[in-house]
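Pasting the structures here.
Each of the next two complexes has chain A plus one other chain: chain B in the first, chain C in the second.
For the complex of A and B:
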């Protein structure tokens, strides 16, 4: 069976070390940067479930993220709902939005780039709607009043917020593991590999894809909730803009789509890369984006299976060779 | 067990299957033969639910399945394989078969265990850990068979599982198919390899240009003038007979 290679152990070890080191050396800038990266990571994990395992490449995961953020904000600020309850309802709302988008696009057999375009269109429609109505705060967005306290789902010190998003990432990853080990996961992968064959083997592909979309929506919605409770502000470009949709898919693709660690590795690397590029060429604004783009191209060109795929290769050959030598004897 | 009654499928002006009927009785191996483009695969696609017939009725175990979804038909116990093999390329042989086994086994461990058993049964025991991508043509055909078998089907529709195989591989797969039938699975197969049709099936249907032109034992069919003409062209039966008389 598939063993974790030495390269993978090193990679995951490095990430865990990085994430735990923050508790020892808590600098505010570093904390802020990592919290942001982890919130995006939650959304990446959501995308990876549908896109990486199910092969349904969404270009509009902002629709789910934004719905999570907006529903929590509206419920708390406009209707005075308890923040924890609002968070729960927001996750439900994102799940339903995902189910609706999924049911509509999969009912008409949309695949590949068509599915990507339709999801993008949904996110754009929601962006325009969110900036047009009074109850969403129109163009100004919604500001949540700052009242720190556990009861309000707001935390005065960043380290608590950090722990919260870290736990959320871990839970999202555990959900992915559970999916991977279940019949549902096997069906999802089968659909990604060959949808016709999946149908012939008794898989209800429509139902499986919609369920995956809904699960992805729940996790994506949770990412939106985490964003709102951290920054206490949301507006249409942040919530539903294409930046978030692109971030959601870049991480898993760079890290290794359809793997447990891929979205985590990819998103953290991308954010570190972006931050590094900013510091390297701080003199010329905009040049950091050029550097970022070039590095991205290099990764896509030379690591077709993502960073996790690359790490899998390290230490694997040695192991395989040892096994074959043993067999020969 | 399976009854196809007066089924028709048109693609624009082309009639792919024209008023075709056939019957498969439980426990038999029935062959569907015919020249290229006769409509055999279209007929299979309609039985499996992949293509909706324009007219006619398909019944499986006394239940009307005309126009049902493929997965629903598969759950009733009717599984098809593909002429152009459709492996889950990124997965191992074992994982491929496990997808089929999951239909009747919810837990991953049960499905994998069952898949390993089926793998042995079709002679893929040594290849279980191999990636489906790395298989030879013969291996891929076997994998199609194994995956379908793993759904614990009562009726298997095998679409040219012997095409592209060398004679020794055909002998192996013929034995495997016979073993499957003996375990209580009914089989309907499309085949071009006549040697296999002759030795395997008790009964065969001949489809030509969308029409069912003959039905009988394979031995009857190879002597049937309409069948010979369908394969070799108009007048071929007469010519063959004359040459036979001269010889």
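For the complex of A and C:
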């Protein structure tokens, strides 16, 4: 196991400090901003499990996020199911959707760009369906009536919502740690590195990939539930649009794909950068996405292991540093 | 109902011809560079704005804009491959996908910033002239688009199969290392391919704008359809892109007719998923993915 370098300690320390500082200085604006960033972080962690550790890059993780959000909303609003039960069922639904997409795609050996495209297409089909049928609210989307209270899974003060989302991120990260340390995680990484070799060693690659996709679906669905319970609204472009799919993959890639902290570091940095840009150039729509794009280019060119990979190289001495230099070359 | 089907098919064919033209550019880039160009739709959007502004400021007819925008977009595509995609991706397939994704994010959102999300159209005196084809009335610009797309496909095919650079392109597509060994400048050939692919999009923009609109988001819908066309036809297959473009136009028109306008595109994406799942090598592809 690699030792955590000084740079990594500083990076993770800074993130924890930021997340805890919110409790001391609860500004509503910062709180709202961070809750949103953390919800996307949950989805990034989900993406990272499949894309970072398993090497299967999905371009349609909105399919899982959106299913989580829509199923909770429909069960609560249209069928009167208890919100907590609805949330649980939504996670199950997202897991099943992920299993379905995964089983179909991996069954036919889709990988690389083909897997990316088929996931994108699934999200797009769901988007069109969700905006065309009455029980999903059609073009208007679904509005959940505001009734604050623990029983309704809605909280009047945002700090409680914040804590809840923060705990969800922590749980998602712990799941990633558990996966990384398990035999299943080792299989997954083996598939990423060389699928043929993994197969030759007797790993059931199909099963491993589908399971990873389902686990990713469960976490992604939970992100959708968190979104719905926070904003009490969902429509097809938010749920299944390309924005969520892209955000899901940007965080891990910029932060460091296949690392525990990568998606957290990446998504928070992106959102902070985007927020900063919004304040500099007030009211410019889409400017944050321009910055995200530029940052993605820079990271791909100069920091292929993301921000976490960069931090790993700081404060490392002797042999470890020499090895990492060699790896970089 | 049956009296509506034939007009729908004919209308679908005219849309499909443009899909085919856009997909030809994408399939050429894929066939040679083996990259999936996410920014293809964004380049189409840029071309649409280019033609729009040429009309707005200089009163230039979209069809007369072809000799201006096509060379410009060839150079743009050439520059993007040499200046951005090649150096930033380091040649890895998944990185290329991400580099083109980044490019499309940058282009789309800069367009949104500068030109706002307003839908823009141009009105031409002949835009609503109808041509009677059997039982159907098709707008004149659509008929022009159909034949012009077919002509472009023919020209492109001649360039690839008859010219010296076409020979180089085919050589690089089949055997990169070997092509390099016999003295072909591979990086240059890549960039020429990307340039030609981008030029296709510029032609498509000129043919589209008389009956279509432009917004900064317009590329996204087209890039998905273009992917579908390319995958359906078989990645890198020329004839495949042509046939499947036409086919998808018809599928879209028929789904729109039977399921309602808003569900028209669902047929395209379902076809996409089915093809990816059951025959990822496409209708005309030679080998599996």
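Observations
One rule holds in what follows: the second predicted complex is superposed on the first by the 300 of 329 C-alpha atoms of A that agree within 3 Å, B and C clash if a C-alpha of one lies under 4 Å from a C-alpha of the other, contacts with A are read in each partner's own complex, and residues count from 1 in each chain.
The definition used in the following text is that contacts are C-beta pairs under 8 Å (C-beta built on N, C-alpha and C of every residue); 3 or more make two chains touch, one makes a residue touch a chain.
All values reported here derive from a predicted model rather than from experimental measurement.
Of the two partner chains placed by superposition, only chain C is touched by A:242; chain B is not. Touch counts on chain A: comparing chain C and chain B, the chain ahead is C. Within the superposed three-chain model, A:110 lies in touch with chain C and out of touch with chain B [touch as defined at top]. After overlaying the two complexes on the shared chain, residue contacts for A:186 are found with chain B alone; chain C is out of touch.
Residue contacts after overlaying the shared chain place A:201 against chain B, while chain C stays out of touching range.
Judged by the document's definition of touching, no chain A residue lies at the interface with chain B and also at the interface with chain C. Here chain A touches chain B in the complex through residues 1, 181-183, 186-187, 189-190, 192-194, 196-205, going by the rule given at the top.
Remark: chain C residues 36, 84, 87-90, 93-95, 97-99, 101-106, 108-110, 112-113, 117, 216, 220, 224, 227-228, 231, 260, 262-263, 265-266, 269-270, 272-273, 276-278, 280, 288-289 touch chain A in the complex. Contact residues on chain A toward chain C in their complex (touch as defined above): 57, 104-105, 107-114, 116-118, 120-122, 124-125, 128-129, 131-132, 242, 246, 253, 284-287, 289-290, 292-294, 296-297, 300-301, 304. For chain B in complex with chain A, the touching residues are 48, 50, 69-72, 74-75, 79-82, 86-91, 95, 98-100, 102-103, 106-108, 111, 129, 147-148, 150-151.
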